[in-house]
Structure formats: C-alpha cells, structure tokens
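Take a look at the structures listed below.
Shared between the two complexes below is subunit A, which pairs with subunit B and subunit C, respectively.
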Partner chain A sequence: MSSISLREITKAFGETKVLNGVNLDIQDGEFITLVGPSGCGKSTLLRILAGLETADGGAVRIGDTDVTHTRPSARNLAMVFQSYALYPHLSVAQNMLTPLLLRDLTTAERLPILGPLLSRSKRRALMDQVDSAAQTLKITDLLPRKPGQLSGGQRQRVALGRAMVRNPVAFLMDEPLSNLDAALRVHMRSELAELHRRLKTTFVYVTHDQAEALTMSDRMAVMMGGNILQFGRPDDIYRDPDSLAVAQFVGSPGINTIPGEIADNGQLYVQGKRIATVHGAARQPVTVGIRPEHLTISHTGQFKGVVRHRENLGSDIFLHVAVEGLTQVAVLRASPDQAATLGAQVAFDMNPDRVLVFDSQGARIRMSVPKMAAMA
Partner chain B sequence: MRNRFSTGETLKHVVLILGAIVVLLPFYVMVTYSFKSPNEIMTNSGGLFGAQELFLDDYCVARGNLAADCMVTPWIYNYTTAFSKAPLLRYLANGVFVTASIFLIQVIVALPCAYALAKLRFWGRDAVFGLVMFCLLIPVHAIALPLYIMLAKLGLTNSYTALVIPWTISVFGIFLMRQFFMTVPDDLIDAARMDGMSEYSIIWKVMLPTAIPALMAFAIFSVVAHWNDYFWPRIVITGNRDLFTPPLGLREFKGDADGDNFGPMMATAVVIVTPLIVAFMLAQRRFIEGITLSGMK
Partner chain C sequence: MTGNRYAYLWFIGPALVLMFVILLLPILIAAGMSFTNYSLGNSSADFVGLENYEKIFTRSTYAKMFGATFRYVFVVVPMTVGLGLGAALLINSLTRFGDVYKTIYFLPVMAALIAMAIVWEFAFHPTIGIINATLEYGCGTFLESWSWYAKGCARTFPLWLTDRDYAIWTVSFIGIWQGFGFNMVLYLAGLTGIPRDLYHAAEMDGARSGWDSFRLVTWPMLGPTTVFVVTISLIRSFQVFDTVEAFYPQGGGPSKSVYVMMFAIYEKAIQQNLMGIGAAITMVFLGFVLILTLIQRWLVERRTHYA
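Then we have the complex of A and B:
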C-alpha cells in the first residue's frame, strides 16, 4: 500500500515526442483514469509506470522507493491488457498461478518434475490464493478450462484474476473493456468500480472512452499531445474544464461551441444577444461552450432554429438544431414529451450560470467574481 | 442442383488426377518391385504383388547350398535381404539420431533468433534480418566444398558431427518462426514480463507452446530433407559404414559386376520412407488444426 508519483516523465519514439514532462501523483487506493484520444501518450505513460517502457527522462516512485530502473516484475504491479494476454496453452488456474509461482518459488522449486515434489505445501498455499481470487470474481467453474474456450467477458475476468492473485501495489489497466460488446462493457464498468471498493487498492486505468473515465474514477487525468491538460474529480472536469480541448473531449454528445465576444464592460454577447457578464475580462472575441443539457426549450427563447435531426435515447432526445447565422448545429437535450418534430421551429435559451467562456487560445476565462471570491 | 455436371470442375479434376499419377507412379513402382521376383521385374509382369512363385536364389547356391533349399518366396526374400545384406537397422538408427539431433539444435538456435528478430528492439535488427533473408538464397551445393574442406581440416569427416553440424543453423527455420512470432501479440510478452519471466523463459514457456503448429510445419521440412538427404552424407561419410544413413544404405544394392538387385533395393526404399509416411499421417491432424491462438483475441 503506497502512493505512486511520476515526475517530469519524457519519452520520444525517434523524432516523435510522446510525453513532454508529465507529472502525476496518485494517492494510495485511488481509482485514477488516464483518458485522452488515441496517440496522446496515455498508454506509454502506463507502460513507463509498469516498467515495460523506459522513460527518456524523469522518475517513477512507488511509496518511498525510486523504481525508475527497476524491472517490471520487481515493482509488484499487476497489469490487465486490452487483449487480456492470457497464456493460450495454459488452463485458467495455471494462468492465474503463473505469476505466483514465478514470484514465490525458488528456481529449484520451479523445476519441471522435481519442483512440485520439493514445494508441495507452498504450491497448495498458492493454489488456495488462486481459489479465493476465483471466488471473488465468480470464475471457480472456469478454472480447468483453456482461454480459447472462454467468452470475451470470461477472459476479462480471468485476466483480472491473474492480476488480483499477486496482491499488487496497484492494478494497471490498459483499455481492458474495449474488446467487449457494449452491454457487457457497461456491466463491467460497475463491476470494476465495485471491485475497486472491495480491494481498496490503487487502480490506474487507461481509456480513450470518456464515459468510462467519468463513471468509474475517483480522479481522472485528461491527456492530449503528451501532456496532462487537467487532473481532477470527474464532476469538476465535466463542469469546470480548464480549457476548450478538455471541455470538448469530455461529455457525450459533445459540448456546443459558439463564437461570441466580450464587450468593453465585460458583457458577453452571442449573436448580438447579451448572455452574461464576465468580470474583469478585456474586450476580445471568445468561444462560448455550453452543454446540451444547459440549453432549454422555451417559447420565449432568445435563439431560434430548425430541428435537423433527432437522436432518440429513450429517456432523452437530443435535438440537432440549425441556428441562423451559425455554421455548426447546436445540440440540445429535451425530454421526450417536449421534443419537437423534425423540421419544426424551436426556440431555446442558454442557462447563463453554465456558460463556459474560452479565449482565442482555448484557455478558460472564469465568469463569476462571487464564486472566485468564495473559493479564495 | 449441386450434383450437376460441370465442365470446368471435371477439367480441374482431370488435371489434378494426372498430376497425382505422375507423382504416385514412381512410388507405385517402388512398392510393387519390392514384392516381385527378379524375373517378374525384368519382364514387367506379375501385377501389383507379383505371382509370389518360388524362385532360385543364386547367391544361396553359390554359397554351396542345395538348389532345393534355396527356393525363396519373392517378397520375403526382398525384405530379408534388405535387412541382412546391409545393416539396415543400424542405418535407420543413424538416420533417426542424425535427423533428431539436427532438428533439436535447429529449434534451440532458431527460436531465440526468431524471437529477437520479431520482438526485441535493437540497433541493426533489420540489417540482421536482411542477412537471414540473403542466406536463404545460398544453395547448399554451392558451399558444400568449402564446408567439406573445413570439416576435413578439423578431422571431423566420418563422424556424426560432420552429418549434423552444417545443418544446425537453419535460416529457413529462423525466417519461418520469425514470421510466426510477428503474429503473437506484444501484450502476451509484456504480461509474461510483468509476471516475472526472463527473456529466455518467455521463449521456452510462452513462445514455444504457442508456436507448436509453426514448429510442426518446420519439422516436416527439416526431417524430410535430412532423412532423405543423400548428397551430404555421401560427401562426408567416405569410409565408415557404421555411420551410413538410410539413403546411403540404398547404394549397397547397386550391383557392380553381377547386375542390379532391384527387389531388395526397393524393399529398402520402402522401409526408409515408411517412417516418414506414418509420421506424416499421425501429425496430419495437428497441421490442419492450424494455429490455435484463439485464446488471445
């Protein structure tokens, strides 16, 4: 049980810089998600933490020990891979037993025929560990089978089991759910979260799916272009992103971005309509971000448009509205009974408290003075 | 309408059947000759198994036996002569030992090489692989003479070493296994590293078991080539008959003065190829089962 810290990690593959001095502090027992589009360096960062890749610069610490140059197996981390990476020629039980045999038995005790005779009691103890992990994951009846005879979800559990038996300092997971079908993926999300609550071990989870990050993690790090753009609780990142890139990446359907401007007195205008006041901001063109659930249909709405597409999710309907004077359609969330039909005229308002303002570089301009004062 | 006559299909089968006949005919000749008496072989009579009429064994008479005691059944005569005139069992044992040693050492060399070429990142890897590809182009016969001279200088001719050593590094094996290892997911190797395996353990405990189908394919090439090899043993085994491999044994029946002794020669040939055919039939299912990496994805 210990915390993990990554300091100024840099990595390049040839000319391509993958990580540009990444810092990350993970507390003991936390569920951390590294999330970002493909190629953002999140998997590389995880592999550096695992020891499968060496960093060009920087340090990795687990607890009080510097493990930057320690072999992967000596770091006592367990990893779950996207392809599960079970040994195809070994049974489930042997798959789960392998890391224990390699860690806890001496070379002599691992000899083919002589070894089992020398270490019978030890092996029995290890097998008990496998059994208890199998019980936790409800895979006891799968133990004698080969990976080829298992379904995707079952392999997933076995891979988790193989990681669990070692009682590692932390579980590292590299997109473990992306080979599962959609329904099973949603189910496994809650199971993983449940498993984390039960084991109380650190989880470091890599995914490109922001929904997985939002649903499971205690804290999530949004990565792009080899940097961590923002690190914090999922709620905060969703509600209070530091930059346009983060705001656009998190949330589905994505945030609406509309060009606007801040006038001399800090008044925010979108399409010539006054939306809110941004205190202390200079006159400048800005990008206004607003999430679909913060656009509300009303007869007296400031903005008008035509419904171009209806996305029916059952509980909610997302209306894609073409607004006059905007190149992008605006997406807004409506309840099924108030949703307009295709081609109908709708009017809507922006919730001024939930408007996010970004400058031309994509950096956030905080809106309200009172809130800032409250935080300080 | 699946049983309808189709000209195209018929034509394909005619061509295939003709091809099969061309391949199988020498085989047929070998098997029937091994059953026939010398007279039937010369006159090309007797069908598949020969009439199996008793005939007079000239050698037996020449050794001073009565003609009546020297009447023999053709197939029994052919097969007993095959084993008695030359120490065929010894040759077969030599063949097994040499072929097995070659294959074993080839695997011990090729697997780590293939693993390094497929999965490890090191400077000059592509250049080394280029060299491997280049070596595939060198025919054995071109380097036979230099090899022989080297072995002769070392005093190694007429030894098992001479039969085995030149074949221990199989570039074909390295190439074949490397291509197979490329298809093994990196995750599997990383998982083994996380579990604490050394690189050599990964080769023998993870890569080898997953590579069994590819290894079987390589085994066919290797075993067939070296079991049937006549050229190389003929060069390095010059005097010592104890070291003869089965194909060299065939030469014992090549008559010099008293004519060729085809019956026993063909019986020997049948004995030599039978192990290969049996092995192939036993292993056939494993080849067809194909590459079982289904546990991975």
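Then we have the complex of A and C:
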C-alpha cells in the first residue's frame, strides 16, 4: 500500500556530483539499509526521500503519489537523526507529543494559553498515544525528564519514540547508532530489528557500518560514488558480490585480494598454482577474492607463509599471514585450538567453490558452470 | 612544607586586591558618602543620616527623574530587543547581502553617540531640520486625514526636542536607533548556534509554517540569548546619558521631562558639587542594576539552562 520508489535521482552540490541517477524500489514493510563509505551520497538520498533536500532531477513516489515537490511535513515520514535532534527545552513527553500536536490540532488549538483549554480531550487522547509508545520503548519513567538529563542510549530511544508515536508511512534513520558506545550499538541493532518486526512499517536506514547493514536489513543497497553498486539481500551481497568494490566493502575483516590469472583454457592460477576453472573466460590477469573463513589451514596446503599477527576475538582467531611473493598479508580465520603461534609457518588452502574472480576493471567473472558441476 | 599551606594566597591575592581597590572600595566610599553632605574641596563633611535618600523618594524633581528613566527604559528595551531579533531573523534568512545589512545596522552602534546627537539635533531642528521639512511635503495629501498630521500642517509640526510632550520619546527613538544593531549582532550569534537538525526535525514533525518552527525551535533556543540581550539592554538604558547631556546641557530637558538618572547624578555631583546626594542616587542606581543582574542569573539557572 505504501511502497516507496526513487527514480533517476540526481543531485549535485555546486560542481560536485553527489548522486548520478539513482533508482531504488522499497516494498511496504521492508527494512532497507543504504550502506557505503562517507561521501557516497547515502545520506543525501535519504534526505531527498524525506524532502529535506530537493533533487536536481528524478522523482520520488510514496505509494501511488508523486511527492517530489511535496513538503517534508506533508509526506508523513518520520526521521531519526544522528544527533537525535530532540528539542532541548521540552520534556521527553512534550518531545514525543510535538509531532502529534503539529499534525492533529488546528492552528487555534495550538495557541499558547487558549489552545489547551479548547482541546483538552483531544490532548488527553494524544497523551495516551505518547504513553503507549513510551511503553513499547520502555521509557515511561523518562517522560518527565529533559533531554539534557538523559544518556546517549536513552536519547536514542526518545528519538525513536518521537518518530513512532504518529504511525508514519516509513521510518528514515540517518546513522542513528553511530553516537552510541560499541556494546550499546550491538544491543540496539537487535532492538531495532525487533521493533521493525513488531511495527511492520518500512524502515530506511543509512549507515556506514556494513555490520549494521548485514545484521538488520531485509535488503541492503551498497552505495559508492553516487551510485547504487548492488541491491539485494545481505546474504547474497556477502556471498555473491557483483564487483570488487562491494566485496571489499562488505565483511569484516575484509576479503583477501590476491592477483592471479586466467590461462587459455579457463584455468585460474594464483602464484602459479591451479585453483579452479572459469568456463568461457578469456586469457587475462584477474584479482582473486577470498574471504578469511574460506582459507583453511592444512599441513598439505598449497600456500605457505609466516604468521605476522594474531587477532584474537575469543571464539575465532584471525591470523595475518605473510605469504611469499605477495605484498598484502592474507587474513585467515582459525579456531583457537588450531591457530598457530606468532612467527610460525602455516600452510593453507583456498576453498575453490568460494573463490571470487574479478577482472582488471573490478567486475565479477562468475564461475557458475564449475559450481554447478561440483554440486552435481 | 607547612609554609606552602598558604601558597594559595599568592595566587588569588593579586586578583583580590585589585578587585577590592578598583571595584569594591569605590562603592563602599560612595555608600559612605551618601549619608553625608560632602562637597568636593571641603575638608570635612557632616553626617546627615538618611536625609539624602529621603529627598530622592519625596521631592518632585526625583519623581520626574524616575519617570523619565522608566519611560526611556520601557520604550527602548522592548523596541531594541524586538527590532534586534527581527533584523537578525531577516538577515539570517538572506543568502546574499547579509553582511551589507549587518554593517548598515551596526554602524550607529560604532558611531560616537555624542557626535550622532549633534547630527540628530540638526535633523530635529524646527525650521532647518530635515524631519519637519519632510513632513511638510505630506501636507495637502491623504495624510491630512490623520488629525495629528492636519494639526501639524495648519500650525507647525512639533518641536521634537523642546516640547515636553515629545522630548523623552524623541530621545528614546534615538536610543532605539542607536542600540538595536548591538542586539541584532547578539541574536545573529545566537542563531548560528541553533543546530540545523532541529529545524529539519521540526519540519519532519509537521511544522508547516515559519511561525511553527519559530515557536518550536528558534524562540526557545534563543532563550539564553534573550535573557542576556534583555539584561544588557536594560542596563544600557538605565545608563543613558550622552544624548541627554548633548541636547540639554542644563536642566534635563523641557520641564525636566528627560531628567534621567545618569544625568541627575552628573548634575548633582559634578555641576552642583553636591557629592552626598549624587552618591545617594548612585546607590539607588546600583540597586536597580543589582536587582536586574540577580533576575538574570536566576533566569539563566532556572529557566533556560538546557544542558
């Protein structure tokens, strides 16, 4: 009923092009994340959707209505800002009441002294709405306080409450968790996902943190340089990226990239060792991408190197291995009992099914045929 | 190391001594003097108790003094604050030429008021002044339907500075003209401190008009600035002296209608060498300023402290 679609959105600030014809279709009730490095245009895209910024070209549609030239206040979207943007002079209850007052009361009913007298019962009903939203977010005891007396996490909840209280078409969130400490951020991720499941409203979430995108969203759009590079389910984007840029952006620690080449018969070689077969690919130099969890330690491993650094995460240990003939260290995931000590020699193999091959332009060369063969 | 227990005295000592000598001591001396009939040049003075204060609160001259002072203050303060805020909001909404307007409105603040007073004296001159000459151009037009205007045309337009019905308002007008640029600059500084996000939040929350976002964001966020601006305008208005001294070097205007406090102090203590009564008026003046400052501090701590 209220899908959102952005068509050919362009935007430039002076000479700098920020968005180059972006298309995005968001279904009703979806949790969409726009993720990308800073300056990729993701916040601008969100603000164009909100109406706080006007696009130079293109159209924004919410449901069946074209809202390209509609004022933000008339779009019925709610936004949570990175700075929370709570009104510092109003209590939490008044902060949450504000959007209701502005929308549901007439100008006369909002007059300073006369207004509350005219609209007593209406205001009581609105206050009940605030109370129920506060209960959902468990902030009832904060209602009489001012934003200045709240912690970062509490302010975050109040900002969510202010957005929630009037049942908007969609929630727009601009890096809402980036001002929180690490532990709270991880906790809020699950709370936000839970909130989305409960409200069943569309969420459009902007972040530079790929982990937030992977953990929360139904679908994520990876943006770079004013374009959406890839739009899909987090799983697909992680496993099956369309380009080297996406592969490198998503995943932590990052994907290992190793120079390799495809020989005449489609054989993929890395450091002179045959890894896999890429059918139908011409002879060319390529970049091979492989995620740390797809490198396995084995005594008979094809590749050898020296452990330069151990990154201990408790459940896993990431080994940074200097491989002979490679400028970059290779990062591989090991369980704590098989992890080698610092300075030790290790040998490892690549999982050939999980190797991602990119051409010299960074575009993906798919190996669909051997994969199918392996499965059969 | 017991000697170091009093080391702090060396750190706060100089500041304490300076504050005592140049601020507190003169106030104490003035307070003491206000109970005497001291005159400059006399070797001694008699203690007269509260006689000086009694005069201030009973004699009609001083009733006129309070009248003129409060008229000036209650016209100039709201007008300079209001115009300052209005000009700041307008300039803030401009994308171009903001600096030009800022400079124009700030010019009177920078000009020496005594020099400006002389210019205004010419402008308000009944026969050669530009104000009345301009008003005469309006005679014979629709403006004459305004009875005040018709009367001006039939006889003569007011003697702005020497008519006792107009003098205090004319002086107030010059005070407004001179003072609002300063408040505008303070408000402009306050406006830059308001986070843009708050306006965006207000817009998302459904603020449809400029008035909505002014009431929801701008005005409350300017609260601390307003408290400061009002206090400083009040104190500056209580202190008005230059224009009065320039227009009316003797006597404080027609029928003492512009006999403001600062001028009264000057006239009594310096012109008439009655230091005792001058000191007493000064003490009353100090009392006003003190009350204003206390109100300001109370407001800052109670009402407009958001952090």
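The rule is short, and it goes like this: the second predicted complex is superposed on the first by the 368 of 376 C-alpha atoms of A that agree within 3 Å, B and C clash if a C-alpha of one lies under 4 Å from a C-alpha of the other, contacts with A are read in each partner's own complex, and residues count from 1 in each chain.
Everything that follows uses one rule, which is that a residue touches a chain if its C-beta (ideal position, glycine included) is under 8 Å from a C-beta of that chain, and two chains touch if they have at least 3 such contacts.
A quick note: this is a predicted structure, and the numbers were derived from the prediction, not measured.
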Simultaneous placement of subunit C and subunit B on subunit A, clash or fit: clash
Touching partner for A:65 - first (subunit B), second (subunit C), both, neither: neither
Partner chain(s) touched by A:179 [first = subunit B, second = subunit C, both, neither]: first
Partner chain in contact with A:52 - subunit B first, subunit C second, else both or neither: both
Partner chain in contact with A:146 - subunit B first, subunit C second, else both or neither: both
Which of subunit B and subunit C A:360 touches, first, second, both or neither: neither
Subunit B/subunit C common contact set on subunit A: 50, 52, 72-74, 77-79, 81-83, 85-89, 98-99, 102-103, 146-148, 162
Residue numbers on subunit A that touch subunit C, as the complex places them: 50-52, 71-74, 77-79, 81-83, 85-90, 98-99, 102-103, 146-148, 162
Subunit C - residues contacting subunit A, complex: 195, 197-198, 200-201, 203-208, 212, 216-217, 220-221, 223, 304, 306-307
Residues of subunit A touching subunit B in the complex: 47, 50, 52, 72-74, 77-79, 81-89, 98-99, 102-103, 146-148, 150, 155, 162, 179
Interface residues, subunit B side, partner subunit A - complex: 185, 187-188, 190-197, 206, 209-210, 292-297
